[in-house]
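Look at the two complexes coming up: chain A is in both, with chain B in one and chain C in the other.
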Partner chain A sequence: MPKIQKLALVVDDSKLQCKLLSVLLQEENYRVVVANDGESGVEMYIKHQPDLVLMDINMPVMNGFEATRRIKKLSGVNTLAPLIFITSMDSEEAFIKSVEAGGDSILVRPFTPKVFKAKIKAMQRISDLVDQVKNLQQQQQNDAELAEKMMSGVIEARNFALDKIGVIKKAATIFSGDIQLTALCPNGDIHVLLGDFTGHGLRASIGAIPVTETFRAMTKKGFSILEIVVELNRQMFTLLPGDLFFAASFACISEHDKSAYIFNAGLPDGYLFNDSANIKKRFTSTHPPLGILPKLLPDAQLDVVQVKEKDRLVFITDGIVEARNQAGDLFGFARFEKSAKDGITQKNLVNSVLKSLDDFCQNSEQEDDISLVEVPCSGWQEIKLSKNVTIPEGFIEDDYYLGTTTNSSPSWSYHLYLTGPLLKTINPIPLIMNQINDLEGAGEHWQSLYTILTELFINGLDHGVLKLDSSLKDSAEGFSQYFNERANRLSQLAENTLNEKEDHIRIALKYFPLLHGGKMVINIKDSGQGFDILEVMKNNSIARHDGLKLSGRGVELVNQLCDTLEYQEHGTLVTASYIWKN
Partner chain B sequence: MAVSSRLSGDDKELVIRIDERFDFSLHQQFRDTYNSITIRDLTYTLDLSQTEYMDSSALGMILLLKDHVELYAGKLIISRPSETVRKILEIAQFQRLMTIE
Partner chain C sequence: MDKKKSENNQFDIIKYDGIDFDVGLNNILGDEALFKEILVMFYQDHHLDGQKLQSAIKQQDIVTTKHISHTLKGVACSVGAMDLFKVTKALDLAINDKQQEDLDSLLSLLFSELNRVMKGIALHLDVS
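On to the complex of A and B.
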């Protein structure tokens, strides 16, 4: 391949000198253009964009120093066309002034052609290196842009309910990889993740794809937020190199349960704000970031809080509190909290925080990614009750339309019997939903079934096996007490291997295909002592009548979703049937 | 120099000290202080008393040091972090993974 001929610009008022230098340059395979004073030198530079400039000092109209200053200003920092002063002024002052004006080198006459050519070669070598660095930089920039595009465009655009969630996402000049995810659970709960990968460049984003996939897939299958954290930690531990990890906060917001479950592994405090902009609770990091330990620490536990309708949950990454102003001060927690509170009062938290941050930092360079998510605790989509078949008056099971008879046997049935420690470690609902999906295919109508199964299983576990009193949940203090006690009793269950046979839950499903839909009959039996069915029903109906919202929201919800719901055997066996229409 | 290290005369303790900012730019220097040391049962003391700021890549570098220490059955102690640095270590819950004094 022929070498691309380079272009040199010679600026000298002596025609003889120009001629002489041109010949030498041509021998080095340069094309040459010539100017005879500083000003036209600058014009020629603009017009021809040469690869090399040779500059005399003393010239009419504009001298070499001034012309050099202008040329260097034009060429900016990104391109280096080496500029060599050619002069007979062999003085210290000339040397210093030429460097100050922006010259890259100086050659003092007289010199031999050999010295001249060696000088040109050396300068060319430097400018080639600069080109190389520039190309590498460009390549890196492209990679980072690709990674960022992937994160925001491909990954985060698929987030759930983007219109309801407030987001700040300001990438630093050095791309560092924050990730924000939201997804809808089968029972209508919302899962939220704000994460921050350590490290810089493309390295930081390699984990983003598996994190997203896992988070979405497990949420969709109905795994709990803690189960997702366990899995993500395992994945990040296997995937990420030793010095790379993933600090993240997780939340599960359950609107019908009026509660939020939080896990903070390595991010700054998260917040729960109420409507009057007070901080109801802080969620401090309780666990090292994910990907450091092969397993979560044994005491890893969710924070559980009761939430009200207008509450909002806010997560941030360290980029916000560690943002610096010109003087080097940090933005800090106090400023952040104030701007967030102001924002809630003004009904726009995101804008308020951004403005406060901008006012503080002015034009300082942003060192780290700045991220925030703000999630309202209510206003999520209604659980689709419409999937329920409206049963006409006098409907009986062998309704001709649905095409079944009372005597028909199920097309399949499924039994699961869980004992002792397994009740702590296994969440059977995703297992069951997987089976159903495999047998009958995926479908929207499974959403309600998922809710029914979860609520009934949790009831059997909490009130039957663990003997927890649900009235505890009626007050805010009782609420956390309830969850502490629950965790306690679950651990006892796991340790007490003697009782293994006694503590159990049995789940049985029977599936009846119908002409235009299907029917699932669910049986859940627990080993508890049962409860006075009539008493509870009475209490609930009194509570409803009085407009009090007591515990038992779960059962109420199930009741709405099911066609029949019946407690037997002193409340230790519940039978629910669920019918849907195609 | 931002990173300095000193091995005690009896080969029992290696003290690594970081001045001012502990961030990604010290990556190589930091590694060089311990990478060639293969003495067993050594106590590695990371002196952060002069460290004013630490970023998350520094946390990553500490984890790499921890891997090295465990490989040679040594002990890792983080010594005298300033208030700012302690806060960063706490958010990452590093006190659960190593000794901080």
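On to the complex of A and C.
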């Protein structure tokens, strides 16, 4: 392959010197253009973009130092067109000034052609190295962009209901250290995470993949948001280097329960806005960022809040409130809150916050990743219910269990007996669902089964074992009080190791395969005192009709999902039968 | 350098007074025709530099003085006029150090050396 001829610019007011230098450069396979004063030299540089510049110092119109300063300013930081001062000024001052002006080298007359040749070669070697570094940087940049694109594909692109969630994500570099995740729970609740790893760039983004995988897998299996936080904290503590940690806000939004469960570990305040753009609640950080402590603090608990249909939850990272303008002022909470409120009024929170940020920061360099998620509290996937559960079409009694009768033994059964402290620490539902998935494979119908199991277990635990009064949840104040009291009683349960067997829940499942589907019979027995089921159902029915009450929805929901639901032994034993068609 | 060139050089050194032909020719990579062209350029651009310098010094125009002496110093060494180079270098230093007494004697030396070199060139080359 023929060597590409490079271009040199000679700037010297002596035409004789230009001629001489041109001859030497042509010998080195350069094409040569000349200028006879500094100003023309700068113009020629702009016009020809040479690979090498030879510059005299003493020249009319503009001297070599000034011309060099201008040329170096034009060539930017990423390119090196080597500039060599060729002069007969052999003073110390000339040498220092030439370096200060941006010259890459100096060659003082008299010199021989051999010395000149060696100097050009040395400079060209440096220039080639700069080119190599530049190419490598470009290659790295391309690789990084590709990696980021793939990483975003793995992370955000698989988020649930992207169209319903408002997102701001502006990375300070190619890779963002912020992560935004949403995932659908088996019972139709939605889990949300906004996280911020320490720092920014590739280093800060490496934890994103394990966080994403854990968050999604645990949500899918039906683990609660607090259980996910516990696991993520453990993972981050194990995986991340000592100086890297993960500040994050989590939410579980339950549309059918009209409630949201929030956990803020080290992020700025989260917000619950109503439709009139008022802040209903701020969610202040109650825990250090994840990955610092080996376990969550013992008193770590969720913020529980009632939500209405048009409410929306907003989480932000510190990149928003700590964004600076040219004067060094912070964007701050007041500006953020105003822009968010304006945005809600204008039905576009994301645009409003972005515009406000841009107007404030102008062209200031972005120092940190900027992230926001805005999640509506309704409009998620609804659980499909039929008012009157019927045996699915195609089923007849004789079909049951491959043509045998309903009295036949189940193909398998599952029993779990939880006592005392285990009732606080173990969530049996994901365990059971895991077993079912292992035995029978995945299926859409497990979503309803998950809901039935969750509701019946929570009822047994809350109202049976913990003796909590569901009517507390009728008011906003009572709602919080209910969950505080629940946390207290669970703690007492955990401490009561002497009589732990007194408090218990027994769960039993029996599976009957059918020709075109299957049947699951669920028994849950609690150690509580029971309740008047007829009275509760009646009250709930009236209240639901009048839209007065929030509590008791769980039993209603279960009743609609099951073909039979029976309470026995004064309400301490519940038997549910769930039939599905494949 | 081959034998023929070397013989030519011997002949030319005698012809160009005040110029180290080997140095000058080497600076132009041995191209004699081009060297002659360069010498003509040198003559045309610089044969009046002595008078120009004298006038600038008289008018205490330090910028012009420096510029002329500096340029002459550079081209003198490029064409191989090494004695002229030495004088201009000394003059350059004297100008920078503002040594007026040295300046006068150096200027006189420069006149003499410059005349010698220019006459040598004019004797053998068409400088019109």
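Operating definition for what follows: the second predicted complex is superposed on the first by the 421 of 582 C-alpha atoms of A that agree within 3 Å, B and C clash if a C-alpha of one lies under 4 Å from a C-alpha of the other, contacts with A are read in each partner's own complex, and residues count from 1 in each chain.
Everything below uses one rule, namely that a contact is a pair of C-beta atoms (placed from the backbone, for glycine too) under 8 Å apart; a residue touches a chain by one contact, two chains touch by 3 or more.
Note that the coordinates shown come from a computational prediction; the quantities given were computed from them, not determined experimentally.
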{"item": "Which superposed partner A:19 touches (first chain B, second chain C, both, neither)", "value": "second"}
{"item": "Chain B versus chain C as contact partner of A:318, first or second or both or neither", "value": "first"}
{"item": "Which superposed partner A:266 touches (first chain B, second chain C, both, neither)", "value": "first"}
{"item": "Partner chain in contact with A:245 - chain B first, chain C second, else both or neither", "value": "first"}
{"item": "First, second, both or neither for A:517, with chain B first and chain C second", "value": "neither"}
{"item": "Contacts of A:289 with chain B and chain C, given as first, second, both or neither", "value": "first"}
{"item": "Chain B versus chain C as contact partner of A:89, first or second or both or neither", "value": "second"}
{"item": "Which superposed partner A:113 touches (first chain B, second chain C, both, neither)", "value": "second"}
{"item": "Shared contact residues on chain A - chain B and chain C", "value": "none"}
{"item": "Chain C-facing residues of chain A, complex", "value": "13-17, 19-20, 23-24, 27, 58, 60, 87-89, 91, 109-110, 112-113"}
{"item": "Chain B to chain A touching residues, read off their complex", "value": "24, 55-57, 59-61, 63-64, 67, 88, 90-94, 96-97"}
{"item": "In the complex, chain A residues that touch chain B", "value": "196, 198-200, 242-245, 247, 265-268, 285-289, 292-293, 297, 318, 368"}
{"item": "Residues on chain C engaged by chain A in the complex (per definition of touch)", "value": "23, 26-29, 31, 34, 37-38, 41-42, 45, 66-67, 70-71, 73-75, 77-79, 82, 85, 89, 96"}
